[in-house]
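Okay, so here's the structure we're looking at.
As written, the chains take the letters A, B, C and D, and residue 1 is the first residue of each chain.
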Amino acid sequence: MKIRKVLIANRGEIAVRVLRTCRELGLETVAVFSEADRESLHVRYADEAYCIGPPPVQESYLRGDRIIEVARRAGAQAIHPGYGFLAESPGFARACAEAGLVFIGPRPETMEQVGDKIAARRVAKQLRLPLLPGTEEELDDAGLVEAARHIGYPVLVKAVAGGGGVGIRVARSEEELRSVIPLARREAQAAFGDDGLYLERLVERARHVEVQILADEHGHVIHLGERECSIQRRHQKLIEEAPSRALNPALRERICEAAVRLMKAVGYVGAGTVEFLLGPDGDFYFLEVNPRLQVEHTVTEAITGVDIVKEQLRIAAGRELGYTQSDIRPRGWALECRILAEDPAHGFTPSVGRILQLREPGGPGIRVDSGVSEGMVVTSYYDSLLAKLIAWGETRGVAIVRMRRALAEYRIVGLTTNLDLHRALLDSHRFFGGQFHTRFLEEHFARSEPEGEQCLAAALTAVLLDWRRRAGARVGRSEPASRWRTLGRWEAMGGRGW
Amino acid sequence: MRYRVEVEGRDFEIEVDLEGRIWLNDRPLDVDMEQVDGLPQYSLLVDHRSYETVVEGEREGECRLVVAGRPYLARFLDRQRSPAQAVYRHRAEGAAQVLAPLPGLVVEVGVEEGQRVEEGDRVAVLESMKMHLELRAPRSGIVRAVHISPGAEVAQGEVLVIVTPLPQSGGTGNPENS
Amino acid sequence: MKIRKVLIANRGEIAVRVLRTCRELGLETVAVFSEADRESLHVRYADEAYCIGPPPVQESYLRGDRIIEVARRAGAQAIHPGYGFLAESPGFARACAEAGLVFIGPRPETMEQVGDKIAARRVAKQLRLPLLPGTEEELDDAGLVEAARHIGYPVLVKAVAGGGGVGIRVARSEEELRSVIPLARREAQAAFGDDGLYLERLVERARHVEVQILADEHGHVIHLGERECSIQRRHQKLIEEAPSRALNPALRERICEAAVRLMKAVGYVGAGTVEFLLGPDGDFYFLEVNPRLQVEHTVTEAITGVDIVKEQLRIAAGRELGYTQSDIRPRGWALECRILAEDPAHGFTPSVGRILQLREPGGPGIRVDSGVSEGMVVTSYYDSLLAKLIAWGETRGVAIVRMRRALAEYRIVGLTTNLDLHRALLDSHRFFGGQFHTRFLEEHFARSEPEGEQCLAAALTAVLLDWRRRAGARVGRSEPASRWRTLGRWEAMGGRGW
Amino acid sequence: MRYRVEVEGRDFEIEVDLEGRIWLNDRPLDVDMEQVDGLPQYSLLVDHRSYETVVEGEREGECRLVVAGRPYLARFLDRQRSPAQAVYRHRAEGAAQVLAPLPGLVVEVGVEEGQRVEEGDRVAVLESMKMHLELRAPRSGIVRAVHISPGAEVAQGEVLVIVTPLPQSGGTGNPENS
C-alpha cells in the first residue's frame, strides 16, 4: 500500500524520533495524545494531533480502538507504534489490518510466536540455538518448583508474555521461589494481562548482547551487527553501546548468524532484535526476540549510518530493503546514555516537575534524541525517559571521552536526573576497560566523588548570593535585569514597535 | 466578536463568540490554542492540524509571529481591534524620531539643529558589527534636536535626531499615525 | 613539547568547538574574553578564564601581547587561535614562539608565504597549478589599471593580505576600476593593515571548491577531500557541503593532488585549506591558501570521522598524523548552514539583542556547533555567526532533507536570523539539483513562500490572543502561570525549602 | 561579614568585606561572580578558575546547588547567616510586610487587623503547585493591614499582610539591616 500519512501511536522521545524520519521522507504525520500531553513536543511536531483520552495509559495510549478511529478519520494509511504501549500487541496489529491500516511492525502471527517467550524458546531449540536451561512449557506453581530442581538454582522467574525486563525476579532457593511465584504472577497479570511464568537458569555476571535485524516481505533478512546493553539497573538498560567489546570477530559472526537464522525461521518481517546472554565463559544463549524498534536502536544507526525507522517504513510499504548484508559496514563505536528523571541516590525514585532550564550538548559526534523541551512539565503518568544522549567516536575510547564531555555540558534544571550517575559510570575505570556485566551498576554504583574545587565554588556562590542581597538592601544596588523580567516585560511591550 | 485580519496578502474573517467558539468566513472551525513551555509560544490545533506559533512582537493593529520558523505579519484591518492601542503613543504634532536601529558607534552626524531636511536625507552614520549604517530623515521638516555627536556610543532604540514638520506641511489634514 | 594546557585565543562557536576537543583529550583549557563576553559560553566552558580588555577587538581579541601574557601566567604550553582574529598573523605566531609557546597553526614563514596572496600565486605558478589571469606583483594604481587591460574585464580587486572574502570588489570597466581602487585600498588598510591590492579575472557563475589538508612535522601531507562553498552572500560563505557535486572522481583526484603538491612545496605544517575556483567549463584555478582551521571544517569531519582540531593538537605537539591517506574513506554527504544574526530581508543587516528562546534541533545525522545559549545577549561588537547546523546523510538527498527537517525544528526567538533564508534555499529545486554557483544567492534569493495554512494559524493566534485578553478582562480569567513568572518567583523563594 | 559554610563534609571560612573583597580561611581570593543568561545560574571565576553554578533551591541555612552538573549542598554553619531572611523587607519604622512568595490561591487567613502577633505566628496559607505554604509573621507586633481573604488569587510579591511593631518593641535600638 502506498503510505502517505502515518499515525504515531506513542509519545515522548520515540514519537519525536519517528516524526523526524517521517518528515524527512515527506510523509504526513498524525500524533495522538492524552490530556496530560497537550503541550508535548510530539503534538507540536506532527502535522495533525488528536486527543485520545485522560492521562492514564489504559485510557489513552493503550486504547487501540480510539487510535484506529483517529487513523481512519485523519486518513492515515499506517500506524507506527514506537516501543512499549501497543508495539507488541498482536490484537492491535490485527485490528489495524481489519481496519485496512498498515501496522508498522511484524505480522501478528509472528508477534504471537515470539511474544510468548516459551514458544520462542521452542523455536530456538528446534534451530539448535544455545539456550539456558529453563522450562519448556507453561507450568502451575508446583510444576515450576519441580522444574527448578532440574534447572538448578539460582533461577530467574520471568513472565511468559513479558518484555523490557519488567517483572523479572531472582530465586536463589526453593523457599525463595515459592514466595516469589505468587508475586510474579500478580505482576505479570497486571503488566501483560497474562499470569504465565517461566524459569531460566540465572547466569551471574553475564553480559547482554543483542542483534539488530531488518527483514522485508521479499525474504531478505540482514543484520546490522550487535549492541551490548549490560549496564542496567533493575533489569532496565541504562547505557548501551555498539559494537560489543565482549565479542571477537568469530563470536560476532556466530551470534549474528544465529539471529538471522532465527528470524528467517519465524518468517519475520520488519525491524526486530534478538537478545542473547553472554556467560563469563564466553558462551552465548538465546534469550528472547523483541519484535519492535528498541530504545537503543540509535547506537546501531550511529555506526552503520542506516536510519532504522526509515527502513521500517520502507518494509511496511512493501518495498525491498535498501541494503544487502554487504552494504552494512559499521564504522567506529557508539554509546547511548538514557537520561532519566529519577534520583539514583534515593532508589531511582522518579522525579517530576517543570524543566526550568534545558541546555543540550552538541558538537562533533553527539546526537541528542529528546522528548522534552524547556518549560515543559514532566508528570508521573509515563516513564521517566527524558532523552537519549548518543556519542560516536572512531574508537570506543573516543566515544567514551565524547560522552563524558557531553554529559558535562548537559544542563537540566528543575528536576533530579541520573546525569550524575552517568558521569560516575563513564568515569569508572572498569567501564573504560569494558569489564562490566549486567550487575555492574548494582555492585559498583557510586555518586561521582565531590571535588574540592567544586565544593568551594558551591560555598562561594551561596555566600555571595547572601552577601549581595544584604549589600543590595544596604546600598540600593540590585542584580542586573534578569531574563524572566525581560520576558515578563516583553509581553507588555506592544507599543514599542520592533 | 468579529475580526478582519490580513496575513501576507490573505484576508481572514474570524468570529469568536462568548464561549470562544470560532467561525472562519462564517464556517465553524475547531480551534484549540494552548500556551506552551510558559513562553509566548502557542500550540494551535486547527481542525486537528498542528501549528506552533511564536509571538515576537505586537504593536498597534499588528502582530508579528513566527509559524514553523517562518516570520508572518498579521494586521488587524479593523483598527479598533488592535491589541496594543493603549500602549502606543501618537505624537500629535507630527514629530518624527530617528532611533538607533542597533547599538553602535556614531561615525558621522550630517545635520544640525534648526536645519531643514528632506525625507530620505542622510542624518547620521552608525557603525555596528563592522558595517556602516546610514540613518535617513523619516520625513521632511526641521531638525529640532540632535542628541549625538561623532564618536558617541549609542544603545539600540536610543533617540538620535528629532525632525518636526514645517508649519505648512504640518497643517494639511491629520498627521499620519505611523 | 608536551602540551597539557591550551589557551584558546578566540570566542563564540569556534572557541567552544576547540574547547570540546581539548576536554575530550584531557587537556586543561584557558579562555580569554573581552568585557562584553564575561557571560559567554566559552568563558563558562574553559577551566580558567582571563579578561583581556574592553569589547572592541583591537583592545581585546587582537591584543596578542596580553594573550601571551595570560598564557604565561596560566602556565599554558600552547595557543589555539581558532579562525579570524590572530589566526593568520605571522607576528603573533613569532611572538608565541619567542615566549616559548606553541602556536597551533602553520610556521610563521609559511603564513607569510601563503598569506601574501601574490606570493602564493607565484608558488602555485611555479608548480604549474592552473591560475586565473591576474597580477603577478604589487602595483600602484596606474599599474593596476594597466594590468587590467591585459587581464580583461570584469576583474576582481582583492587585498594582498586579505582573506575570508573581506573587501573583495568587482570592476566591470576601467572607469569602475579607477573608482574602486581607492575604496579597496582604504578597506584593505583598515582590515589588514596593508593596502596592497591585486587583480584576478572574474569568472562568472563559478563554483568554489576547497581541499582540506593535514600535514605534520614529519613530512606527511594528506588531504581529507574537498568541500564546496558556492552558496555565498557578499563573498561570505553561507552553506557549505562535502563532497562537491561539481567534481567527478578524475577531477577530484586532480584537484586534491594539486592541493597536496602545493602544501608540500611550501612545507606546510598543520591543518590548512587550498581554495580553487571551478569555472562553468569544468576547469579549476588556484585561488588561495587558508592557513588555519575553517568555519566549515565540520562537513569534512562529518564525512571522514576525523576530528580536525584533534589532529591540529597532535601536529602541534610534534606527533605524526593519526592517519595515512588510505585511512581517509569519506562516507555519505554533509551540509553546513551558518546560522547568522542578520536580516536577509533588509540587506543582511546585523541583528542584536537577547536570545529569549533557543531550541536546537537534534536526532539522527544532526550536529549543532553553537556559540550562544538562551538568555545570552548578542552584541554588535563581533561577527554575526550564532551557530552552525550540520546535517549528514548517506546521500546528498538525505543530507538535504535532514537539514530541512532540522531547520524547521530550530527556534531562535528574540533576534532576527537567516534561518528562513536557509529554508528557502534548501527548498529550492536548483539547490537540490546541485545547480548553483557563487552568485546563486543573489540571483535566486527569495524568502520562503508564505503558506496559506500557516497564514491562517498566524491570524488565529493574533485573534485569540486579543480575544482572550478582552475575555480575561471581562470575566477575570487569566492565562495560566507562565514560566518566567515561575522563574521570577523562584529566586525569591528562599524561605520555602524544597 | 564572616561566613562558615560546609559543603559535602568540607568546611570553608569565607569573609566578605564591604567592598566585596573575599578571604578564604584568611587568605585573599580573587572571585568574580556573574549571573548568566538571566537565570539563577552563575559564572564564577575563582583565581581565574571557571565554574558554572546553578542554584536549585534555598531554605533556611541551606543552599542546594549544581556545579558542573553535580549536585552539592551548602550549609551555613552560622544560622544567622541564612539566606532566607532576605525575603522579608523591613521598613525603617519597623513595619514588616508578608509578601506572597509565589502566585497562588489563599486558602486560609489566620489574622485580623488590629490583632497582636508574635514573630513566627501563622498569618496565612497559600496554595501553589499543589503545595500548601505557610506564611508566618516576620516580627512580633500588631497586624496593621490584611489585604487578602480566603479564595483570593495573589500574584508573586503581592503584599498580603503588614505587621508593625508594638511601641515598646520598636523602641529598643536600631532595626537590623538584613
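Please note the rule applied: contacts are C-beta pairs under 8 Å (C-beta built on N, C-alpha and C of every residue); 3 or more make two chains touch, one makes a residue touch a chain.
Just so you know, these numbers come straight off a predicted model, no measurement behind them.
**Q** Would you say A-B or A-D is joined by more C-beta pairs in contact?
**A** Higher C-beta contact count between the two pairs: A-D.
**Q** What is the chain whose Cα centroid lies farthest from the Cα centroid of chain A?
**A** Farthest by centroid: B.
**Q** Counting in whole Å, what is the centre-to-centre distance of chain A and chain D, each centre being its mean C-alpha position?
**A** Using C-alpha averages as centres, the distance is 42 Å.
**Q** In whole angstrom, what separates the CA-based centres of chain B and chain D?
**A** The answer is 42 Å.
**Q** Based only on mean CA positions, could you tell me how far chain A sits from chain C in angstrom?
**A** 37
**Q** If you average the CA atoms of chain A and of chain B, how many Å lie between those two points?
**A** Centres of chain A and chain B (C-alpha means) sit 48 Å apart.
**Q** Note the residues in chain C that touch 2 or more other chains, in rising order.
**A** Residues 45, 354, 356-357, 373-375, 408, 481, 483-488, 490-491 of chain C each touch two or more of the other chains.
**Q** Tell me, which residues of chain D touch at least two other chains?
**A** 37-40, 49, 56, 58, 83, 86, in rising order.
**Q** For the complex, give me every residue of chain C touching chain B.
**A** Where chain C meets chain B, its residues are 349-353, 356-357, 379-384, 407-408, 410-411, 413, 416, 419-420, 423, 448, 450-467, 469-471, 479-486.
**Q** Touching residues of chain D toward chain C in the complex: what are they?
**A** Chain D residues touching chain C: 32, 34, 36-40, 43, 45, 48-50, 52, 56-60, 64, 83-87, 101-103, 133, 156-157.
**Q** For chain C, which residues count as touching chain D in their complex?
**A** Chain C reaches chain D through residues 31, 38-39, 43-50, 74, 354, 373-376, 481, 485, 487-498.
**Q** Okay, in this complex, where on chain B does chain C touch?
**A** Result: residues 1, 3, 5, 7-10, 12, 14, 16, 20, 22, 24, 31, 33, 35, 37-42, 44, 46, 49, 51, 53-56, 58, 63, 65-72, 74, 76, 81, 83, 101-104, 128-131, 133, 156 of chain B touch chain C.
**Q** If you look only at chain A, which of its residues touch chain C in the complex?
**A** Residues 16-17, 20-21, 23-26, 45, 298, 301, 305-307, 331-332, 354, 356-357, 359-360, 362-370, 373-375, 394, 398, 401-402, 404-405, 408-409, 482-488, 490.
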